[in-house]
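Lettered A, B, C, D, E, F, G and H in written order, each chain numbered from 1.
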Amino acid sequence: MTPEFKFDFGRGARIGLDEAVFCEGKTVDQISAIVDAVKAKTGRLLLTRLDQSKYEPLFARHGAQLEFDPLSRTAILGQPHDALLMPPVAIVMAGTSDLPVGREAARTLAFAGQTCCEYADIGVAGLWRLLERIDEIRSSPVVIVAAGMDAALVSVVGGLVSSAVIALPTSVGYGVALGGATALHAALASCAPGILTVNIDNGYGAACAALRILRVMATLPKRSV
Amino acid sequence: MTPEFKFDFGRGARIGLDEAVFCEGKTVDQISAIVDAVKAKTGRLLLTRLDQSKYEPLFARHGAQLEFDPLSRTAILGQPHDALLMPPVAIVMAGTSDLPVGREAARTLAFAGQTCCEYADIGVAGLWRLLERIDEIRSSPVVIVAAGMDAALVSVVGGLVSSAVIALPTSVGYGVALGGATALHAALASCAPGILTVNIDNGYGAACAALRILRVMATLPKRSV
Amino acid sequence: MTPEFKFDFGRGARIGLDEAVFCEGKTVDQISAIVDAVKAKTGRLLLTRLDQSKYEPLFARHGAQLEFDPLSRTAILGQPHDALLMPPVAIVMAGTSDLPVGREAARTLAFAGQTCCEYADIGVAGLWRLLERIDEIRSSPVVIVAAGMDAALVSVVGGLVSSAVIALPTSVGYGVALGGATALHAALASCAPGILTVNIDNGYGAACAALRILRVMATLPKRSV
Amino acid sequence: MTPEFKFDFGRGARIGLDEAVFCEGKTVDQISAIVDAVKAKTGRLLLTRLDQSKYEPLFARHGAQLEFDPLSRTAILGQPHDALLMPPVAIVMAGTSDLPVGREAARTLAFAGQTCCEYADIGVAGLWRLLERIDEIRSSPVVIVAAGMDAALVSVVGGLVSSAVIALPTSVGYGVALGGATALHAALASCAPGILTVNIDNGYGAACAALRILRVMATLPKRSV
Amino acid sequence: MTPEFKFDFGRGARIGLDEAVFCEGKTVDQISAIVDAVKAKTGRLLLTRLDQSKYEPLFARHGAQLEFDPLSRTAILGQPHDALLMPPVAIVMAGTSDLPVGREAARTLAFAGQTCCEYADIGVAGLWRLLERIDEIRSSPVVIVAAGMDAALVSVVGGLVSSAVIALPTSVGYGVALGGATALHAALASCAPGILTVNIDNGYGAACAALRILRVMATLPKRSV
Amino acid sequence: MTPEFKFDFGRGARIGLDEAVFCEGKTVDQISAIVDAVKAKTGRLLLTRLDQSKYEPLFARHGAQLEFDPLSRTAILGQPHDALLMPPVAIVMAGTSDLPVGREAARTLAFAGQTCCEYADIGVAGLWRLLERIDEIRSSPVVIVAAGMDAALVSVVGGLVSSAVIALPTSVGYGVALGGATALHAALASCAPGILTVNIDNGYGAACAALRILRVMATLPKRSV
Amino acid sequence: MTPEFKFDFGRGARIGLDEAVFCEGKTVDQISAIVDAVKAKTGRLLLTRLDQSKYEPLFARHGAQLEFDPLSRTAILGQPHDALLMPPVAIVMAGTSDLPVGREAARTLAFAGQTCCEYADIGVAGLWRLLERIDEIRSSPVVIVAAGMDAALVSVVGGLVSSAVIALPTSVGYGVALGGATALHAALASCAPGILTVNIDNGYGAACAALRILRVMATLPKRSV
Amino acid sequence: MTPEFKFDFGRGARIGLDEAVFCEGKTVDQISAIVDAVKAKTGRLLLTRLDQSKYEPLFARHGAQLEFDPLSRTAILGQPHDALLMPPVAIVMAGTSDLPVGREAARTLAFAGQTCCEYADIGVAGLWRLLERIDEIRSSPVVIVAAGMDAALVSVVGGLVSSAVIALPTSVGYGVALGGATALHAALASCAPGILTVNIDNGYGAACAALRILRVMATLPKRSV
């Protein structure tokens, strides 16, 4: 039988983003084998979608080297990357239920050495909550907007800031929220121009996209508009 | 062969709303026969989804008795109902392309003797356009919000006014706007509580719902909250 | 890390509807923290989609102040609002399985001080059950119709009453009932004019919409039709 | 190249239903060749979905032997089958726009020698129209109910008659009527038990199903219930 | 609070089919209350979708009066109806996994006093299994075909018999079997004319439809074709 | 501005299949430019989805070098490839309306030097039509089955032959035939094992797949089973 | 009651593929009865989708005669078929999570006496992993590509090899991966010509299709291209 | 009647992107009125989705001030903005049919003063076409990938470059390409991390997103990674 995985150690060098381990659908043994392989090589790894029930046997084997966050279901092996020294990313979240997804983005940024500011529970049903923070949000070069249901927050933010805006649709909601598809479609069909989108609940992907933008920014010549 | 229609002349008495003629999928001859039947009875009829190309032969037969509006594709036979004497309905529209649908609602209200105010092209991509009119909108007992694409305007209005809010999703947009389904789903999954919805592009239905609300209001005892 | 919630205490003043807590997807700790915050401020809160298994630890912390109804999975903290003094809302339900959703609407109205009458298990497969209650139903200014499967009850009621009619599609049924989507689509495409709709299983939303209508009614001048 | 068709002349003997020609997607030449083949054999043929624009060149070739009905877009070659001598089928139609589909069923029955009664424009938005004809409808052994949009008529009829009920969903409606899918799903998920369904707009199929039922009835021993 | 159910005792007289209890989504207490009400009236009841785990507490209360079949998840209270004295219905099943659904139809027929013959595991992947039984199947006035996945069996049977054919799509299969939707759509779009369809997994409905057909047959005059 | 195309002249050498030109969505000028480029290089090209209206101006420019077939909407520039000397592919078609798609496959095979046999209009509604040709079909190493609607023919053929079977779902049908999706899903969920599928109406792709199979066969050592 | 299964012992002779037992939705007793029937006849059987929890009681009854593989959830009764003596099939897998599905294909091939080579975790996000193995893959007459999410690997392989390519879409992924539908659709709409597809997660079917191709190859005359 | 539009002249100052006119669904008169309003104010406007048939009467009124490009269906009024002085954006297109959408992005960038490089017809079916240009593409800070059908090009590019990658799914393809939904879903579910997506065929939106990224880059401090 063939070996079950082939870790892409060159990904960081190639595209500036380390390969992370998506733990859903993998057994504890498979995850542990990858952790062992990484320990023997770079010693640094991000694990996403890691349930508490899988974390516990992994902790028994790898101990405190794995730093676990139950809300976002992420674990970090080893030290994060050196600080990127770019302005913080804003992570704007519509409701309390969007926190796990937004936090996955925050943890992915932290692993990569990038700071962020979280703005929780400021959906448009109470527009004042957004408006009183908008100047602060506007100062971030990249704004991630995590929202489920109708995702109206995405369009409102998109119409108020000139930064790069990444919609992060979440599966929050029921009925015609359609497991996040309505939020996704609303973001893609936004009336505000130039909104970008990632897959439903893909906090990891939203952060990776932000990192692509920030890394490329860091290497370009400054110019005043 | 059986007669092709059976007009519901009792509908007005029964539910307070006259039967209207939905012209899509009907031939000019069928429509004309209904007009003749109504002329012989009440003399008053609303026709919706009437294309210019069908209006012309109808005009040749029924002349100026049919008052036609090409933007909303509606025609009115005879005099509108007596004025309802209720405060005007607000019809808030996200973009220029939502005008035909919003105007269908306006014409249906006018036929029933109800006034309205139209607020066109005030989508959330330019939030200031809405905010500078919001106090005026708030004073209407019923607010119809016509929007396509992401329909974010519905949730923003719903979070700012205490009136009855009727979302009127439109088929404006392309791709994942899905012919209005995304706007419809976003309205139904709105983060603002107590939003009501009608079918895509159903300006007639939104107006009928407003009339149900206003008629029942008119017969209830006043009370201060 | 940021605080996890930002309760919208001003919502009642702004749109006439208190913010309620949707408990699905929230942990007991998150819910309990909100209850504590509300206790310290207004002392009055509606909780929806609260499972028995979450209610029990909450009861251990907050005791009899939380009045729980297992059928509708709602809890009420503190005293309901003062009575609205409007005629009762009719809640018409097609079958026994629609009761939990209809009851969520009833509880939301009760929390807001509004009375209602429930009519259970009167679907159109036995039309006589509806017809013998229709005069009573007709006298309500707002009629909520909770139905799953084909939701034919919505159109039949809509053709018989002149009140405001709010369709409340439920996820009752299997196969092409599609988790409530068929009921929702049937309500939106109803042959009866002026029907309004909320999201699938959204008893809370249907009640909020009824409250918007009744509140605005209460402040308008009386007029005879 | 191979011959383009292989007419199933044995179908009538095998299952009691002649093969008919579905003309959509066939060229005038293909249809004409089939007509020629049938003329040379049985001389009797039903053509469905035949547009006026295709009928005209066919008429030029085959003349008055083809009896054409523009409303149902059907043509009949030769004489219908001998009368079946069974009670008439009831064809109940919700609205004027359902007539073409209902008429296709009527024409298919007529071709097979079976009588029917059509009940047009008696949808549930005006329930009295149905109730005043229900005793007559109830006396038919097979009732076909043609309805689009929400198809509520199907369930209401199904709850009032003990006959075999065949739902014939039509593509009438717009938006979430979804080209007839909502009517189809509502019929399949009907709260009335024992409803049977055919494809959207399939008047021909509904009639064939009625014929299967009536033919088998005709050969069974009588028994009192 | 309102009573939770309103049993339709007149349904048998009205449409020839007793109301049955669909147990999914009902609590044991609700079901038991209905059983008590029926015991006090007619003493005869069919229960469908009754899980073993719900049956056990019901058995504790109502004992051997409830005759339970675990495969079809049905229970029968009291004696079945008198024998209908019509030829048996054929229930043709594509695979072993279709048995529970086919058996639900068989039990519903048995409750109504109607006999049937079951033909299990004769899908078209082994066409010989069908062909060696086809003459026997052909002799039934009504043929129910239970099939999931591609439901090809429906069209093959429909092309070989002249009886009334009721497709009973099942949720057997995975991936694009789409929980039975592919079988349903294939049956509705069948190339064999005059096929009728019920909802996915609706064995009860297929049997009710067969009973409608057989009851009406029983009251019609005999005639030779 | 960049050049608009970059023809893949190496594809034949790389994967054994020439690049063909899919003409839908291309202008006559774009197609003509590709034809010119090919003329200057290999002189041999297959064009698919070429409407008569586009063919005519192309004929005016390139004349008899383009051999056009209106039924399949294909044109061939230059001489077909040398004969492959493999047994003919069987192309089995359910109905007359499946001919254009089946013929596209036949033309693609012919262009590649591969023979085929077409079997038209032998759907399972008249099973005898298939059974009388099945021995002949069985002798082909690759069988392409073109069918729309329920695509039951795919499963029946798949259960009768041991050859490689390629389902070619067509968009023939209406309503829940869903533009070919039902045929596609039925083929993928077939009860016969080992059926392979291509996209809806993709006669070109089915033929390319057959060529991949036959080419690789031609280079393998013979062995008796 | 009827016997519950009718095993198709002739399938191997008829189409070259033994009937296998799909264990999902079957009880342990049903599976055990089939195993008993096969033991009494051919003694050789493949079981798929067999959960560990069902395997254990089967092992208790049938012991070591059932060889079980937990990763692919397959069991084999008795000895595999004699070796086919054809070159190995390549099974290319995009990620670790695609292994169970790919392994089901491998086990099905092994049961039939066919060898294969597995290439795990070589998705296009790290294209070098594929490119360093492509020459080896290219030498297989049949290449199975198992991939979920976007299934981009299918098109890349299809553009690099001339072999028969069978896409095996998997349900790996979340959100708009849609349980494998996106991978399936991407494979069917591939820009590489001549790709063939099976149902989502259908490793058994992909292997059966490969066997159909290889068996027919084995009986054809050799020819050089 | 209300004025029909309310141009958002402040949008450029607010979010760095001028409001553009989406001409689909607008009449020539409406478009012309907007052009007049802009002429009177800023004199500079981008028009998208402008059909030739609408352009002609506009040209008659506004003459050479409107510079029209028929391939992308865009027109530009007045002079583009001053050059942004950032490195060019790469626009990578899979096939010839993706050109109109890619060109819409190019024109939007040009209007904003931003340069770009187009790479046409380099889909993965001929991977060499991409690989020979990849170093050049890699040097762009933002890469837009326009692809329809399976959109495999998006993942391949995403795995090879570290720049910001914007997927621009197009509606190119048929059948299960689903009007671009398969390309969209494949891009969102990409196995390459950090891919961002816009709506189907939304070349304008992809360019706006690129401008947001580049503008914010231009104002940030340089830093080496």
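Here is the rule we go by: contacts are C-beta pairs under 8 Å (C-beta built on N, C-alpha and C of every residue); 3 or more make two chains touch, one makes a residue touch a chain.
For each chain, UniProt lists the protein as follows: A, B, C, D, E, F, G, H = Nickel pincer cofactor biosynthesis protein LarB.
Keep in mind the model is a prediction, meaning the values are calculated, not measured.
Student: Please report the smallest number of touch steps linking chain C to chain G.
Tutor: 2
Student: Which neighbours does chain E have in common with chain H?
Tutor: The shared contacts of chain E and chain H, listed by label, come to F, G.
Student: Measuring from the mean C-alpha position of chain B to the mean C-alpha position of chain H, what distance in angstrom results?
Tutor: Each chain's C-alpha centroid was found; their separation is 36 Å.
Student: Rounded to the nearest whole Å, what is the centre-to-centre distance of chain B and chain F, using the mean of the C-alpha atoms as each centre?
Tutor: So the centroids are 50 Å from each other.
Student: How many angstrom lie between the centres of chain C and chain H, each centre taken as the mean Cα position?
Tutor: 45
Student: Any chance you could list the residues of chain H touching two or more other chains?
Tutor: In chain H, 14, 125-126, 158-160, 175-177, 181, 184, 188-189, 192-193, 199, 202 touch at least two other chains.
Student: Which chains touch, pair by pair?
Tutor: By the stated definition, chains touch in these pairs: A-B, A-C, A-G, A-H, B-C, B-D, B-H, C-D, C-E, D-E, D-F, E-F, E-G, F-G, F-H, G-H.
Student: Would you mind writing out the residues of chain B in touch with chain H in their complex?
Tutor: Chain B residues touching chain H: 96-97, 99, 118-122, 125-126, 128-129, 172, 174-177.
Student: For the complex, give me every residue of chain F touching chain H.
Tutor: Residues in contact with chain H: 1-6, 8, 10-11, 19, 22, 24-26, 30, 171, 179-181, 184, 199-202.
Student: Across the complex, what residues on chain F touch chain G?
Tutor: 14-17, 20, 84-87, 141-142, 158-166, 184, 188-189, 192-199, 202, 204-205, 207-209, 211-213, 215-225
Student: Would you tell me which residues of chain F are touching chain E in their complex?
Tutor: Residues of chain F touching chain E: 94-95, 123-127, 149-152, 154-156, 158-160, 173, 175-178, 181-182, 184-193.
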